[in-house]
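Okay, got some structures for you below.
Consider the two complexes below, in which subunit A is the common component and subunit B and subunit C are the respective partners.
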Partner chain A sequence: MAVTIAKEKWTSKVGEMVLGADSSVKVGGESTLPYLHFEGEIPNKPVLALEVWDLEPADWPEILKKPFNDVLADPVAWAKKNVEYGADAIALRLMSAHPDFKDASPEDCAATAKAVAEAVNVPLIVIGCGVEEKDAEVLEKVGEALSGKNCLIGCATEKNYKTITATAMVNGHSVIASSPLDINLAKQLNILMTEMNLPANRIAIDPLVGALGYGIEYAYSIMERARLGALMGDKMLAMPVICFVGQEAWKAKEAKSPDEESPEWGAQERRAILWEVITTTTFAQAGGSIFVLRHPETVKQVKVHIDKMMESNAY
Partner chain B sequence: MGLTGLEIFKQLPKTNCKDCGQPTCLAFAMQLASGKASLDQCPHVSDAAKEALDSASAPPVALVKIGKGEKELQLGNETVLFRHDKRFEHPTGIAIAVNDNDSEIAFKVGEINKLVFDRVGQTHNVNLVAVVNASGDAAKFAEAVKTVQDNTGFPLVLISEDAAAMGAALEVAGANAPLICGANAANLDAMVELAKKYDAPLVIKGAGLDELAALVEKAGYKKVILDSGAREVNKVLADQTQIRRQALKKFRPFGYPTITFADNPDPIQAIVDAGVYIAKYAGIVVLNTADPSDILPLITLRLNIYTDPQKPIAVESKIYEVGNPGPDDPVFVTTNFSLTYFCVQGDVEAGRFPAYILPVDTDGISVLTGWAAGKFTPEKITEMLNTSGIADKVSHRKVIIPGGVAVLSGKLQELSGWEVLVGPRESAGIPSFYKQRWGN
Partner chain C sequence: MILIGERINGMFKDIREAIQNKDPEPVRYWAKRQQEQCAAYLDINTGPTVEKEDQPAVMEWLVKTAQEVSTLPCCIDSTNPDAIEAGLKVHRGKAMINSTTADQWKMDIYIPMAAKYNAAIIGLAMNEKGVPKSAADRIALAMEIVVNCDMHGVPMEDLYIDPLMLPCNVAQEHGVEVLETLRMIKTLADPAPRTTMGLSNASQRCTNRHLINRTFLIMSMACGLDSAIADVDDDALLDAVAAANILLNKDIYCDSFLKTFRSR
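== the complex of A and B ==
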C-alpha cells in the first residue's frame, strides 16, 4: 500500500549568515523544518561555539573547569584549546567589563578580543558582560579592533542596539539580537536593526533560551514558530537562531549537584554533560543553529548527533 | 480535521432527551466536536448516523491503553504537529528493556522501579518494563516475563517476533494487557490472533511506511502501536513526522501511537536519540539503560515538551529555603509561575548565598503579567509575609521585590511595615545585587 509522502510547500527559507575573516563558516539557509531532508534543503550544519572568558570564571563547577585547567586565566590559550577540542567558533565573553568584576575599559576588552581573533582561525563570537550600557561602549571598541574579521557580536537589546548595530555595519560584523522569550519582541528588534540598514542576514536571533527543566519549552516553541514564520515568508523572523545553552545548562541544579549530594540522580559528570547535550539537541530540533556551549565533551557528542541528522532521510 | 458541532448535530436524533447527560442534542454535539464526549453516550443514534459520525469524529490518533490498574499507560488522542498549536496530550511512555537471558533480572527491575524523580512537588517516573526475548527460547522468555511481572507494578512490553514465545509469555502476563511487540509481515496473523485472544495492544512493524500501512489494514485490529522499522535517528525523525502528518490528515492506517527504540550502540547517543523521539511524536521510547543520569534528562524533557502551553505551571506558594538560611538572610519575593520561581532560585544558588524565596500565588503567571493583572499586589505580598511564617524565621524586616514592580514598594511598605528593597529587574542580577546591597 503506497503512502503518499506528506510534504509541505514552503515559500521561503531562513537567511544565510556568513562568518569568519575568510567567510568560511555559513549558517542558516534551511528551506524546511529541522532535518526534514525529504522536504527541503538543509545546506549548513549548526555552528558549535565554545566559550572563552577574559577572566577566570569563579563559579564554574570543577567538572567544567577540568578540561581547561591550565588555560582558564589566559583567553588566547583557552581559545586555542577550544579549537583543538573541535569548536567551530570561539565565543569570547568579556566578563571583565562587568562593574562587579574588573570594570575593564573598552580598550582593554578590545585588545583581548584582537589577541584572541589573531590566535585562532575559526570565527569569533564576542559577547559583552550583560550590562547593556557597558556592552554598547565595549562592543563599539571591539567592533573597531576586529574590523574585517566578520565576527558575530552582541548581545544587542532594545536599549543598546543602535550603537552595536552601527559598529557592526561600519566594521563588517553580524549582530546577536536578544529579546526575552517573545516572538513579537524578537521581530520588533529585527525590524529596528534592519531599519538602520543592517542586512537581515547579518542578524542572529537570541530568544534567551532556558535550559532543560528550566523553561526549555518556551524557547522551543518560539523557535518552532519563528522557523514556520521564516518558511512562510516572514523576512523579519528568517534569521538563524543562536542559543546560549552553556550558560543555562551549567546553572541547572542537575548539572551542578555533586554525586554525594544527589545520589538518586546518578553520576554528576554524565548527568551534567547530558544536560548540556540534550538542551542543545532539543533546540536543534526546534530550529536553533548557533550553539554557545561550555564543555568540550558536549561539542563532541552534539557533533556526532548532527552528522547523523545531516544524512538524508528523503523517501 | 474533525466535524464541527453543527455537522454532528445534523446526524443526531434532535429529541433533546437528555439520556446522554447533556441538556440538549446540540450541547452533546458540541461536546463531541471538542472530544469531550463519545458517541456511545447517545442510546438513540441511528446506525447509519453512527457509522458516519464514528469515522469522522474519531480522534486522528486513536487512544491506546497498555496495562491495567493505576499504572495503565494511555497513548494517543494527539491532534497537533506543534505543541504551540494546542498541546501534546499523552506524554511519551518511557520503557526500560531487560533481556530474558540476563542473569540478574529481578535486580535490574528493582533499579527500574527506583527511577522516580521529584520535580516541583510532582513525581515523575518511567512507565513500562520491556522484556526482550534475546535468548530466542520460548520457555526462558516466559520465565523472564514472570520474574519481571512479579517484581514491578509497571505494565510490560513483550518483545519477540516468535509467535510461540509470545504465546508462552502471554500465558503468564496476558491478563494484564501487556504490549505485544510484535507483529511483522511474517507473523502478522498469529500475532493478531494472540492480541485478540488477550485483548491486548499490538505493535505492528513494517519495513518502511508502505508496508506498515498495508499490514495495519490487513490486521484489521484496533489496538495498534506503529513501528515503521526505522532505527537510525534521522530516519526515525522523518517517519515519525510522516506518521503524525498522515494521521492528522486522517489517513487511517497511521491513526495510532508509535513506538521507537533508542538502541544506538553509543550509550550517550542513544539518550540523545531518545530526546529527539520524545520531542518528535513518539508514543513510546524503549531504552536499554536504567542509569538515573541517563533517565533524569529524558524525563525532564518529556515533562517540558508535554507541558500545556496554555496552562502555566505553578509552584506551591510557600517559603523556599536555599542553602540553609538563618535569621539574617535575605527574603526574596517573586511569583509562583514555575519558570519565574526557577529563575530566581537558580540565580540565588548561582550567587552562593543563603536566602528565603517567597513565591506569591499569582495563579502561575509571571511578575509583570501578574502585576498587570492585579494578581501580584502589595496586599497579596503582605498577606504572604504575614501568613507564611517568614516573620518567625528572620530577625530583620526587609523584603526584596523584583525590580520590574518597583512601583509597588511604597504601598507594600505601608501595608506590611517591612522595609522594601527593590531588587534587579532580571533575576540574573541577584548575585551582584546581594553583594552590593545586602549586609553592607
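== the complex of A and C ==
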C-alpha cells in the first residue's frame, strides 16, 4: 500500500508588508511554518537591517565600534557604510532624543532621518529612543519628514500607539508594535491599531525578544504560537515579526566580556559575533522576518544561513 | 467552530412563502445576515412542502439566490439525491452534502457524489432502524461511514459525523451518549473525522430553547464538536462560542476577543 505523506493544510497566511520608497522590499507572506517549503510558500527572505545611531554609542564594546570607526559621529556616512556591508535595510536609532543624552528636539531628529533616507536606496527603519512620550513626539515629526518613503517606524506601545499610528497612516509608513513578551497584549495592540484603520499588513510585531541565554526559548515559543495562530486564520497575529537582536546580543556578558577577562571563552570578537548570529538564526527558525543587527560580520554569516534555508525542500 | 446557518429552510414560514412566490428577498436577507453572524456555511433545505419532483429545481434556485449575495458555500440539505445533485451542479466553491446515513445503499449514492463534486459530507450515525440508544452503537455506524469515505478517497477533514442529538424533553438519556460519541469519533481515524450536529434538535418543543442550545453546544465543543448547524442569529450563542474558543485554547486570548471572533 502506498504511503501517504502527511502534510499540514493551513487555511491562512502571514500578511505581506512592503517597504522602501520604491516598494522594493517585501517581508512576510508565509503560508506555512518557517522553511517548510514542502507545505506552503515562503515567498520572501528575512530582511537583515544594520543599526545606525544618531550619536556615538558610548556603551558599545571596541570590537563592535571597529567596523564603523570613521563614521560613528556621522549617521549619513554610517548608513552608507552599512549598505556597503550588505545590509538589506538601515535601522536608524534616534538615541539623541533621549532625555539622558542630548534630549534632541523632534525637528532635529526629523532632519537626521531625512538626510539618512536620502543618502541610501534601501528601506529605512526608524526607531525612537525608547522613552514612550518622547518617541511619540519624535516619530510624529519623523513620519512627516519621511512622507512617501514607505518606512517602518516605532516602537509603538500601549501608551503611544495612537500618535505613531496616525502619523504612519497620514504619511504612508508601517509601524512596529511592541509588547513585552506577551502574545495576548501583542494581539490586543494590533487590534487597537487596526481599529484606527491602519491596514494589518502595515504592522510588524516586536515581541521584545531576548538573546541566547537570556530567555531566547520564551521568545521562540511566543513567535511560534503567533505563527500557528496566523496560519489558522487569526488575522490579528498574522503580521511579520521584527527582532531587535543586536541590542540584546551585545548586552550579553558573553559578548561584552573582553579576551583577558574570560580567556576560557575564546576570543571576544568571534564569540560576540557568534552570539549575535546564533540568536538571529534561532529566531529565523521561529518565524522572524526582520532582524535589526549591529555587526556587519553577523549580516554576512546570517545571509549564508538564510540562503541555505531558502533552498526549496519541497517534495 | 464551523457554524452552519440553519435559516434558509422551507420549514420556516418566510422561506416557505419565498419558495411558493419565487420571491428571492427572504433568501437574500438570510444569506447576508447569516454571513454577518459568523456562519461559515449556509444550510439550504427546500422543506417538506415542496413536491419531490420540484425539489431539484427549487434547490437550484435557492443555492443560486443565496450565492448571489453571499460568498459563503452551502450545505445542501435534502433527503432527495436528485435535489442534492441539482444544488451541487450550480454551487460555487466547496459545498457540503447534508447528509448520508450509515445505510449502505445511501452511502453508495452520496459518498461517490461527494468525491465527484469535491464536496464535504455529513454522515449521520444512524440507519433505517433509527437512532441508536448508546454511544457504542452510534460509533459502530460512524465507523461504517469512515470506511466508506476512505474507500472513495473522501478525506477525513471533509467528513462531518453527526452523532444525532434528540430533543431533551423526550429523549433525555441521549445527551450523555452524544457527548461520549463525540469523544470516540476522534479516535476512529488519524487524522480524525470532523464532527457536526443539528443543534436546534436538542431543544425541540422545549422552553428556554436558546439556553439549552447554547449550553449543549459548549458542552459538545469540550468533547470535540467541530461544527454545528445552528441559529447564528442568536448573539448570546456567538459570544459563548467565542469564549469557549478561548477556554479550549483554540483562539489566542486578547481583551477584544468577542469582537475579533465576529470580525473574521
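Quick notes on this structure:
Just so we're on the same page, the second predicted complex is superposed on the first by the 311 of 315 C-alpha atoms of A that agree within 3 Å, B and C clash if a C-alpha of one lies under 4 Å from a C-alpha of the other, contacts with A are read in each partner's own complex, and residues count from 1 in each chain.
Operating definition for what follows: a contact is a pair of C-beta atoms (placed from the backbone, for glycine too) under 8 Å apart; a residue touches a chain by one contact, two chains touch by 3 or more.
The structure displayed is predicted, hence computed values, not measured ones.
Judged by the touch definition given at the top, the superposed model places A:224 against subunit B, while subunit C stays out of reach.
By the touch criterion defined above, A:301 lies against subunit B but remains apart from subunit C after alignment on the C-alpha atoms of chain A. Of the two partners subunit B and subunit C, more subunit A residues are in touch with B. Looking at the shared chain after the overlay, A:270 reaches subunit B, while subunit C stays out of its contact range. Residue contacts after overlaying the shared chain place A:191 against subunit C, while subunit B stays out of touching range. Contacts of A:9 after superposition: subunit C is touched, whereas subunit B is not reached.
Applying the stated contact rule after C-alpha superposition, one finds that A:237 touches subunit C and leaves subunit B untouched.
The interface of subunit A with subunit B overlaps its interface with subunit C at residues 6, 225. Across the complex, subunit C meets subunit A through its residues 157, 191, 251-256, 259-260, 263-264.
If you check the complex, the residues on subunit A that touch subunit C are 6, 9, 183-185, 187-188, 191, 225-226, 229, 233-237. Contacts from subunit B toward subunit A in the complex involve residues 82-84, 114, 117, 119, 209-211, 213-214, 217, 232-235, 237-238, 241-242, 245-246, 249, 251, 253-254, 266, 268-269, 271-273, 275-276, 279-280, 291-298, 300-301, 303-305, 307, 309, 339, 342-343, 346-347, 349-350, 352, 428, 432, 435-436. By the touch rule above, subunit A contacts subunit B in their complex via residues 1-3, 5-6, 33, 35-38, 59, 98, 100, 130, 210, 212-218, 220-221, 224-225, 228, 251-254, 256, 264-268, 270-271, 273-275, 277-278, 281-282, 285-286, 301, 304-305, 308-313, 315.
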